[in-house]
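In the two complexes that follow, chain A is the common piece, with chain B as its partner first and chain C second.
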Partner chain A sequence: MIVYILKRLASIALTFTVVSVIVFLMMHAVPGGPFDGNDMPVSDEVKAKLNASLGLDRPLYVQYFKYMWGVLHFDFGVPFQSPGETVLELLGRAWPPSLILGGAGVLIGAPLGILLGMAAALRRNTWVDYLASAFATLGLTIPVFVTSMLLILVFAVWLDWLPASGWGKPYSWVLPIVAYATIPLATYARYTRSAMLDVLNKPFVTVLRAKGLSERRIIFQHVLRNAALPMVTVFLPMFIGTATGSIFVEAMFRVPGLGAYFVSSINLRDYALEMALILMITMMFCVSYLISDILYALLNPRIRTGGRRG
Partner chain B sequence: MRLLDVVNLTVSFVQHEGVVQAVRGMTLHLDAGESLGIVGESGSGKSVTCMAALRLLREPPAKIAADRLDLGGVDVLAARGRDLAALRGRVAAMIFQDPMTAFDPSFTIGHQIVETIQAHRATAKAQARAEAEALLRRVEIKNAGGVLDAYPHQLSGGMLQRAMIAMALSCQPQVLFADEPTTALDVTIQAQILQLIKELQAEMGMGLIMVTHDLGVVAETVDRVLVMYGGRAMEQGPVQKIFDAPLHPYTQALLASIPGRVAGRQRLVEIAGASPNPANPPKGCPFHPRCAVAEARCGVEAPAFQTVTAGRDAACWRLQ
Partner chain C sequence: MKTRSPAYFAWRRFAANKGALVAGAVLLVLILMAVFAPLITKTGYEAQDFLVQSYAFPSTEFWFGVDDLGRDFFSRIVYGARVSLTIGFTAAAFSVLIGIPLGALAGYYEGWVDWAVMRLIELFSVVPPLLAAMLLGALTNGGFFTIVLIAALFGWVQVCLLVRGQVKAFKEKEFVRAAQALGASPAYIIRRHLIPNAISPIIVGFVLAIPLAMMLEASLSFLGIGVPPPVPSWGQMINTGMNFMYFYWHLAVFPTAALAITVLATTLFGDGLRDALDPSLKGR
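For the complex of A and B:
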């Protein structure tokens, strides 16, 4: 197990390096630079000076190693679009709303989705199943900005219960969190339903019934335990959404989160911020998959004890 | 005492394409300590009959009806959730065809035997574990303690089927349903498992229902045989008598098709035609389209399953 984790950590380091090189090259392959915007035109001389002062006139590999050297010391540079602060300060300011929005969304949506999926699987081919499946399919197919608009229309405009936008007092968080929660809810409902049905159709469930176990024990101890295996692998990666926030939900509800910076950092050629955001997501993906795989191994005796038959 | 009493059992499955009739008016009974073999081709309804007796089929799509379906004196069709659970494993236990998929892969063998014991009897865990270990030793597992803590994927098919038998017997059931218990095993293991089942049946005085398509298995393990075809009982009687002098044309054809009963090299004998389609069974006797001695009325009306001589029943117009 220790060797396995060490191997995985090494492969994470490799992934991280490869992603950083590719993203860095792509970023600079896009024509234009941070001072080519039309709203504040600067002369070529000024532009050259600015580029020189930021080191953007140096060869790409020098820029890359300089940036990565900084990253290793937790220095992600200064965002060009907000030069008064460092990238880390910007993240510290913009991340919390995204974290609350996404975290609460997943923590509310996932359990509800699991319950909905369980109900659908246990009452398969009844109205409960059809209703749950229809709801889950709608949740996955209706774009989240449409859901957001509907929520604003009903709860802010018609009923006037909650503010239509903004991120102030906690009650203003409700609508964006609900809008965001529909995604994990729908995803989890579908996953749970199919994972449960898959297990319910296994021959060992018939054996458990033939032994005279109560239906409750069969479902809660045996079926859920086995259905949890495939679900563990999708649960943590879903939390990555909490880092990126939902660009659409944040835009619809004017939440001052990270989402907007993903777009603006690309549009404004804000190299330092762009790199920082992508490296951050890469790291979160790697770590969440590593934790998922470890959990999977712990839950699955076939991996934990090795696959020998004897 | 009648342990199992089934009269006119029908089992159908409602599907999109229509209704499939798996069992069409089965009648059978089993007395305490008796062993009965149910023989038939795939799709003849033998497994479904057993599953229906324990209400293990999902309803719907399955639909079970019978004039009588009593197990250990309990009306199975009237029983609900908790009553059924009390019946299963305790009054009647079942072992299945494929031991590799019969255990929950996430729990140890010990856990799965212990939970069976605890489901039916208020037993302390340590006590139940000791019983489980003794059971594993009884089914001739040498390393019983180790197997108790093993996960299903760590054991071979033969070992798992032994463990399965141990689990089925953990609550001293009065009837054991064995649904093709050796089909998925190596030939060398098959005889051992059959011998074990036979021994345990005698030792515990259980009733045994052995479902199989293998006439050799029947000859070795049971007292009485019931031959099924197309969801109906064709013939029933003591095993030796049926092998020596089969009454029903289907049983006669079946026995004639066993290779090597007559010495010398010869062409394999087969029964011409194919098994009836359960979604659209032939009218009358299900065997009449393949029967060498069929008469006109065989295709019109099904003959009743009735006594021919003492202890022997058959469903054939020629024997009425």
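For the complex of A and C:
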């Protein structure tokens, strides 16, 4: 197990390095530097001096190592769009709304999705199943900004029950959270349904039925526990996914969260912030995959003793 | 007894799936609309012929109303199908082009080739695709071809995994062993025996890559880093329509509905195709 974790950590380090190099190179592949604009033309000597003072005249690999050295010390530089603070401070300010939005969305959507998926699997090929499947497919295929748009149109514009945007009063949180909750809801409904059906078709369920166990005990004690296994693995990455999935919800409802800053950093070419966000989310994805794999191994005796995983 | 081809049974299974059948019909209508756009619309997508009637609501004359710049909105939605479908199909084609060779190589050789391809796939699974796409879009300033490339960059993984699995399963079969024993080169075996046997996952991977690419295009265009105006993109129209939502609902509703219907139809069609071509995967 420890060897496995160490191996995985090494692979994460490799992935992280490759991603950071690629992103760094991509951002430096764009022609032109920060002082090449025509708004405030500077002479070549001044430009050279400015570039030198920021280390921009050094070879690319030196710049990369300097940047990564900072990253390892949680120094992501200064965001272009608000130079008064560091990237980290800005993220600290923007994170809470995203966390509330994403967290509440997952906490509401995931249990509902699991229930829906269970209902669909247990009432297979009835209207419950079709309705649940239709709902899950809709939620998975329709982009979340479309869902948001429809919610805004119906509940804010036509019915005028809830505000269309903003993040002030808790009741203005309702629509964005509902819009976001559709993603985990659909994902979990679909996932639970197929996981449950997989287990329900296993021979041991037939054996349990033949033994005369009540359907309720079969479902809750045996099927659910076996079906829960693959679901554990999606939960953490899904939770991290809130950080990116909520971008459009935040943009639609004008929530001042991470997503909103990411969008503005794209529009303003705020590379420091963009790079920091991509690196952090990549890192979180790596770690969450590792944790869920470990959890999976801990929960699943077949893997615990098996050792190698492909 | 009459012999029936596997395609016949696949078609039977597909036809039994009402949802997929309807979705396929809708998709066909959308494709026809996109192909014959000039015939069913009265103006081009950028003709500002109705400036006086800007913001007009849907009527018998303007089925979907007129947009803020005096363009017939129905024409723009129809031409939007062209953009969306072209990007979807081209990106899916590129995904398949990248995915097949990598998947076949990884599946056939295993060892370090497989290791390298799997690490590459792992790389793409930890990078948030949307963020990366947004960064790429911003760096390259969007544009039609860039979007196709970005979508293919993130779309090949699925195809690659499907092909790899299929090749891995088939390369132990007797006919492949026989071909090897007869001295066929790996390239020949892959081309002649393994890829043809992987054709149904390839078709499924191709179709399922289409809605993903369309969604990516709409998302990027929605953020203003996708297809640049005046080329009509639904994502872009949704973004514009959002600003007028309180007063002119039609500018937001029609592109939203168009995007939702197209993506949904393509996905359902792809799901149905997968169930029909490979019954063992049903319900996943």
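Methods note: the second predicted complex is superposed on the first by the 274 of 310 C-alpha atoms of A that agree within 3 Å, B and C clash if a C-alpha of one lies under 4 Å from a C-alpha of the other, contacts with A are read in each partner's own complex, and residues count from 1 in each chain.
By definition in this document, contacts are C-beta pairs under 8 Å (C-beta built on N, C-alpha and C of every residue); 3 or more make two chains touch, one makes a residue touch a chain.
All figures in this text were calculated on a predicted structure; none of them were measured in a lab.
After alignment on the shared chain A, the placement of chain B and chain C results in a side-by-side fit free of clashes. Looking at the shared chain after the overlay, A:226 reaches chain B, while chain C stays out of its contact range.
In the superposition on chain A, A:126 contacts neither chain B nor chain C. When the two complexes are overlaid on their common chain A, residue A:17 makes contact with neither chain B nor chain C.
Of the two partner chains, chain B is the only one touched by A:300; chain C is not. Once the two complexes are overlaid on the shared chain, A:209 sits against chain B while remaining clear of chain C. Touched residues of chain A, counted separately for chain B and chain C, are more numerous for C. Taking every C-alpha of chain B against every C-alpha of chain C after the fit on chain A, the minimum distance is 8 Å.
Applying the stated touch rule to the two superposed structures, the chain B and chain C interfaces on chain A have no residue in common.
Across the complex, chain C meets chain A through its residues 119, 122-123, 125-128, 130-132, 134-139, 211, 215, 218-219, 222-225, 238, 242, 245-246, 249, 252-253, 256, 259-260, 263-264, 267-268, 271, 283-284. Across the complex, chain A meets chain B through its residues 202-204, 206-215, 217, 222, 225-226, 229, 299-302, 305, 307-310.
Taken in their complex, chain A has these residues touching chain C: 11, 14-15, 18-19, 23, 26-27, 29-30, 137-138, 140-143, 145-146, 149-150, 152-153, 157, 164, 193-194, 197, 241, 243-244, 247-248, 251-252, 262-263, 266-267, 269, 274, 277-278, 281-282, 285-286, 289.
By the touch criterion given at the top, residues 54, 56, 81-82, 85-90, 93-94, 96, 98, 101-108, 115-116, 119-120, 151, 153-156, 164, 167-168, 171 of chain B touch chain A in their complex.
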